[in-house]
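Look at the two complexes coming up: chain A is in both, with chain B in one and chain C in the other.
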Partner chain A sequence: MQRILTYRFVATPSRKSPASHWLAIAAGLTALFVAIPLVYIFLRAAGAEAAAWQRLLQARIWQLLGNTLLLVFAVTCGALATGISMAWLTERTDLPGRNILRAMLALPLAIPAYIGGIVHLALLRPRGGLIPQALEGIFGQPVLTPSPLGFWGSAFILTLFTYPYVYLLSGAAFRSLHASLEEAARSLGRTPWQTFWQVTLPALRPGIMAGALLVALDILAEYGTVALLRYETFSSAIFVQLAGRYDRSAASVLSAVLVGLAIFILWAELRAQGQRRFTQIESNWRPARRIALGKWRWLAFLLVAGVVSASLLVPLGVLVGWSIQAFVDAQVLEAVFRTGSRGFSSFVWNSLWTSSLAAFLAVVLSLPVALFSVRYPSRASRFIARFCQVGYALPGVVIALSLVLLVNRALPFLYATPLVVVLAYVLRHMPQAVRSSESALNQLSPSLEEAARTLGRTPLQTLLQVTLPLILPGLLAGGALVFLTSLKELPATLLLRPPGFDTLAVRVWFWAAEGFYVQAAPAALILVLAAALPLAFLLRREQIFTDESANEHS
Partner chain B sequence: MNTLDIKHLSKRFANAEFAAVNDVSFGLKNGEILALVGPSGCGKTTTLRLVVGLEYPDAGEIRLNGRLVASDTIFVPPEQRGVGLVFQDHALFPHLTVYENIAFGLRGRKPAEIRATVNEMLELVGLTGLANRYPHALSGGERQRVALARALAPRPVLVLMDEPFSSLDADLRRIVREQVRGILKAMRATVIFVTHDQEEALYMGDRLAVINLGRVEQIGAPEEIFHAPATRFVAEFMGASDFLRGEATPEGIRTEAGWLSQPTFVSQLAQVEIALRADDVDFELSEMGNGVIVERFFRGAFNVYRLRLDSGQVLHAFKEHTQILPAGARVRAFISAGHPLAVFQNGRAVSRGVMNG
Partner chain C sequence: MSHYRFLIVLLILVWGLTGCAPAAVAPTSAVVATQPPADAELPSAVSQTPADEVQGKLVIYSGRSEALIQPVLDAFKAKYPQIEILLKAGSNSELANALLEEAANPVADVFITTELFTVQSLATQDVFQSYLPADADQLPAEFIGQDLTWIGLTRRARVIMYNSELVSAQEAPKSIFELTDTKWKGQIAAAGTTNGSMQAQIAAMRQLLGEEATEEWLKGLLSNEVTFFGGHTDVRKAVGSGEFKIGLVNHYYFYLQQAEGSPVGVVFPDQGEGEIGLITNATAAGIVKGAPNLAAAQAFMDFLISPEGQKLFAELNYEYPLRAGVPLRQGVQPLEGFRLAAVDVVKAALDFEATFDLMERVGLP
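Up next is the complex of A and B:
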């Protein structure tokens, strides 16, 4: 039987262990490194002339705030509804084909939302979209189709590509839920419907909340999709100020407000989450019984299939179709492989090495922070660990802005090198690495490390011979996550890359912006496939593909 | 020279109300097994961790074979102390085989010597066939023996065992502890064995140290601890006892259950408590008696009766398994011990000549 439960081992702090001093210093330096862009943005915003604040406060900020909050709210709700219902259908009912659907529902995470947006835009654009054109051809007159532009279009597309966060986290929560919990509710006189609302959902709350948080922060940071679908939010406004008008004061002010918003969301989640702790009873775990859908079976299947099509099959199908067209047309093929002086392989290589290096650095930096907070729990170590989560609240455009300004002044030798891009990835995705390393360490009993000490190993030898080999899978998972998200990162790459330094994400974006969809398709397809590999590794760890029979009888 | 000497050892954790270890002193001879026993949270595990070097003492000294390893100014890290520790959760390295686990502490020796030592240990604990298994493929008892072999392989000056049988179920525990005691005695190992199970402590220890609230209540041979508890706590912890109140004179003690003719240390009339186990008490049916039967517990080979004397004092008494008497019946309870009993005044023993009559 596969247990989803995690065991937390609590270490007792040792007062004057010399190893902890080195760890504290390393963890503190990491926190300092992470803090720099945040502090810098606030300093810049505070230092902006009163006129800039005045100008922005009069109209722009309120409108942007309204737009941004509306989109965050709509997409979070949409992702919650989609994610939880998909998780329930695949985990708790006898939905046909659920084993395959379970994996397919998670895979849209490998598709950057702006690539999904490009596909849906090409299909549905009011004038010249493939579907409206086809309908016009059939009926001989224009047929009104829903437009993917503006608020509703953005909300729809972003929901399609962010619901997997909620789906994965609530799916894991569904799987780890004890059958006895719901059975107890039934035996105490609740109907199935009441049981779901009064027992099941509240028990899933931590997972659901964590998923909602990721969606909300993702939407705050989103640039590509909203720019493509012409809906203005803080992120896209900052991008325009930075890339178009070079108004760095205005960009700083907007960024400070955006970061403030993100920190508020993080804080609210922490407060809501902090009050309650859910403990799972460890013994006799068995999964809850599946619900027979009866005549609703095929309707439910159609619903899930619809979500899978819109978020995975259609984008992939269109990309494959376009790629084939690109390979058939010699002229397009020529353009794909030879843009400027650089070839196709250079975008692929640039994407891979920057993301890999960022993943490696983020994991290495996360280690002292995680070791310090898990093995030497104290007020200071907890604060450092929390502080390293701040990257979640720093959208790509904000990191780009602070790095542009900082590198220019403090580290001019880095300016206009790809290393700045890597630096931005590390800063932005540090939290994922820290969380993975922490959870890996939490599951490692300190007595293993103590055993190594009593068998003659120094603290450093213990780290290298016992701790690292045992937490390696957890570290790899963190690295895979950082790699995946770095690969998809668009705005920071666009703003920070040296001239001529193209990654897959950048190339896809430029070609698509110029309307060369067919030409962009092969690069987009490779990007999606490269992101799908680490994702598949992560999903395997989460046991999303586990054999159902093994899950139900044991 | 003692293998281990602890003097005035104290340790208090941050935010803790009480000291986990409070002015503890004891010594351990070569080849001796000392069982540290006490309720959970009494400080016995902390004492072990201080000896092995996983905690820093606030005060006191620890010497191993005369060498100072912990004091106010000196702290020798665990890897340089040469003390073996068997963990409560065994702490076998999951990424290493049984063979590699046992060899882990032998690093730096000649390959031939390592091979010989590991094989010898495997034979000693009876796991020769399982050398290439990983820990997850072992049963609980096998893991226990690997943990022991790993701790013993480097020939430590001292082996510490922290509730090593707590993860085994009751039947297995009895078998494993016989094996383990045999192995430890065969190796002539010097051992501190921590447990909260008094029966296990009596079985494992050449001597016992009963610990409560970070202090050593009593240290001595198992028989001494059992028959002549130094404090009320030891009597209570080491064998389910009732405490019968009485008035003591130098000649004997007057109690509700009759006169106990046993000399005590008290010089004048004093309030004392007598520790009574169920085999020290008997009763007969009597309308004129001093109490009633509250409940009967059938234990197979015998019956245990719970009696309530007229003052409200509760006593327990054994009867044969065929003697079934109804609850509520009026009885006369009396002390029927054929040996001197432990008597306490203000929690300290005041009995005289308990050990040898």
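Up next is the complex of A and C:
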């Protein structure tokens, strides 16, 4: 969810100032903080007994590697195909209802994939699901329905809930694309099809790649959905090692391989991004003309409506239906409000305060990193900013593993407190905060700060009185993103929460695991609604909802 | 040049971190090393504190799933309204390791497991303190841990449940060894390695049959494409709906599924001449050494084996209460009618590590 068009102001080369030293130290400390789980996991893996490696190398690692890569590949392809086609249909064609569909296609981001998985599983589970049972009731014999379990089921469900990354980023790219590019290609004799493949798609590549990267890293880290749908990947195998046997050596070895994979994907994306650049001249910009779909209009509408139904309307509808059922049934209602150690309001409150605190801390920590890399560009500052992206490559289970081991030994006073959960959220979601803060600072001309300095303000005063107020909206966006993703986080919360400490995500997971879908629904619904608020704020900021007439005259 | 100086500082800091980390990591084996239990302190006699004076937080680690323990906690809470109960439910081994990890700075007051090997193994590692609950004399002697470190609560049997619409009573497997028969290929569901009852069954089989025969059986299950779930609730529901024909579960999952109106049947397996007999195990509880709220922990232990507590387990969850004289829920087949496999708990607990190695080696999910 990065702004595609950023106005980059180049800072005047900095003279040595004491402020930059302090900034460098603060940014360096942040990088160190982020590095802790990573370094720790690699040390543990390297220190694991040879026997642990040997046992795992014999068969398991290869099978897990195959399973994980296959799923990452399938979901990334699925998300690319779905995301790009949805973006193209809503941005570039005269699809009926495109304005409302454009917003609805982005909203599945508010639904954690495992909640979507729970709904689809309850509906489609072979023989036991609501749909197969209804069909059996009608036809009097079992009817074969597609199963949401295993590889294909996992790939399908995860595609449904991750395509919005690609959709949002390629949608933004479609919107910012200059009409003249495609017009030139057409006037030079390319067919529309050739134009799309040879001009449009390559120009969209940075946005598409960024979306694909987010999807791939998300799938590597995914625990809830694959565990639910019984497909074993690295993340779920690590979780089993931790929960089943608590075999830290084996878990560390698997984690190191998983993090290695994630870092490889990050690196590959960086390489691919660096190869080609597309520059657009900002003046004379006008949007490309919409393509008339003609007789395909309604077929296209059905396609988009299908995606919106499967990823948004059906899950929401089922959750609302179950919630109503829960409120009608007194016994279930009592269970909803009494189960768990402290009751319903405490899960809601715990979810909200841990995610908010994590968002605040992540943004505060991201500030020195962003200031240092944007205002004092150097190899060191770039390295630190890059390094803070490492959270993307640290799945929740891995962060949980390293914190479990570290906190009890190094920070025993934090042990078994909710602050460990917050710490995990901050570490995991730091990259989002750093990217947002950087892009906010990039759009602020340093001349404003320089003017403040000339007028006698100290660097600290300048920061507080000029810089911060001006980049506040950008920081809020970063915070909203961290809040949203922390709210949805499951594996680290499951492993790190202290006794009696439940969040909405944990509650939904436990109830659904026992098959109490109706009981889980109100919590799931509140979780989705709480996630939808920051998402709506972000989408508004990215102008997803803007009226297209305004768009066309701009 | 300033950033070079900075890089050096960063390097030194990273160096310091990597240098410190191994030192900070105590080898887990040291914690795990068997220590003889400290001379049994005099068990605190029957707790005499009146109900409304016991208060504060009571932290319970439970290997029993939340759904199966919450009604009991609610009943206890009704008796002791001043106590705030904080539950952490998870797998036996996850919580056992947390207890070892926290030994220096205990968080939990009481630990409840779904089998005896974990409590027994923790008892030898000095995790529990001795306590003789109010009515401990009502429990069979073999279900009280050495030095009163733990007490047994309820018994459960490992049974085969089947979907009676898909499988007839004659057809249903009569022995757990029939589960490797290819005629059931892909039609059996069981719980995976995170499940304490499954772990305990494998540990018991290792003792009864030896390592090789158990390994062969596990490999047979794998090649028969048995589907392993995270827990038994999933298994019973899948068998109840007919997604799978056969499930390997604890006996009460059959009764729970039957109570939901599903067409299911049950076999208490391996009763024939020369067969191993029915494998059973027991849930147990112990008070953690250094428990922050000892009074509440003791009151809770008393409650667990009180007629009221035992009746809850029997009625709500169809288990076999260990306390003498507490009736079974109507319809539950009494254990007295079956030949039970004899498993030495102390020995099985000592061999528990080897059981995990075996599961890992065969690649049980």
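The rule we apply is simple: the second predicted complex is superposed on the first by the 545 of 554 C-alpha atoms of A that agree within 3 Å, B and C clash if a C-alpha of one lies under 4 Å from a C-alpha of the other, contacts with A are read in each partner's own complex, and residues count from 1 in each chain.
Here is the rule we go by: contacts are C-beta pairs under 8 Å (C-beta built on N, C-alpha and C of every residue); 3 or more make two chains touch, one makes a residue touch a chain.
Everything quoted here is computed from the prediction, not taken from an experiment.
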Contacts of A:290 with chain B and chain C, given as first, second, both or neither: neither
First (chain B), second (chain C), both or neither touched by A:205: neither
Contact breadth on chain A, by residue count: chain C or chain B: C
Touched partner set for A:190, first chain B, second chain C, both or neither: neither
Contacts of A:20 with chain B and chain C, given as first, second, both or neither: second
On chain A, the residue positions that both chain B and chain C contact, one per complex: 16
List of chain B residues in touch with chain A within their complex: 13-14, 52-56, 77-81, 83-85, 87-89, 91, 93-95, 104-105, 107-108, 150-151, 154
Complex contacts: residues of chain C adjacent to chain A: 2-4, 6-7, 9-10, 13-14, 17-18, 21-22, 24-26, 28, 59-61, 65-67, 70, 74, 84-91, 93-94, 96-97, 101-102, 104-105, 107-108, 192-195, 227, 229-231, 233-234, 237-238, 240-243, 356, 360-361, 363, 365
Chain A residues within the chain B interface of the complex: 12-17, 445, 447-448, 450-458, 466, 469-470
Interfacial residue positions of chain A with respect to chain C in the complex: 16, 20-21, 24-25, 28, 31-32, 35-36, 39-40, 43-44, 47, 55, 59-60, 125-128, 133, 142, 227, 230, 232, 240, 242-248, 250, 338-342, 378-381, 383, 404-406, 408-410, 412, 415-416, 497-501, 510, 513-516
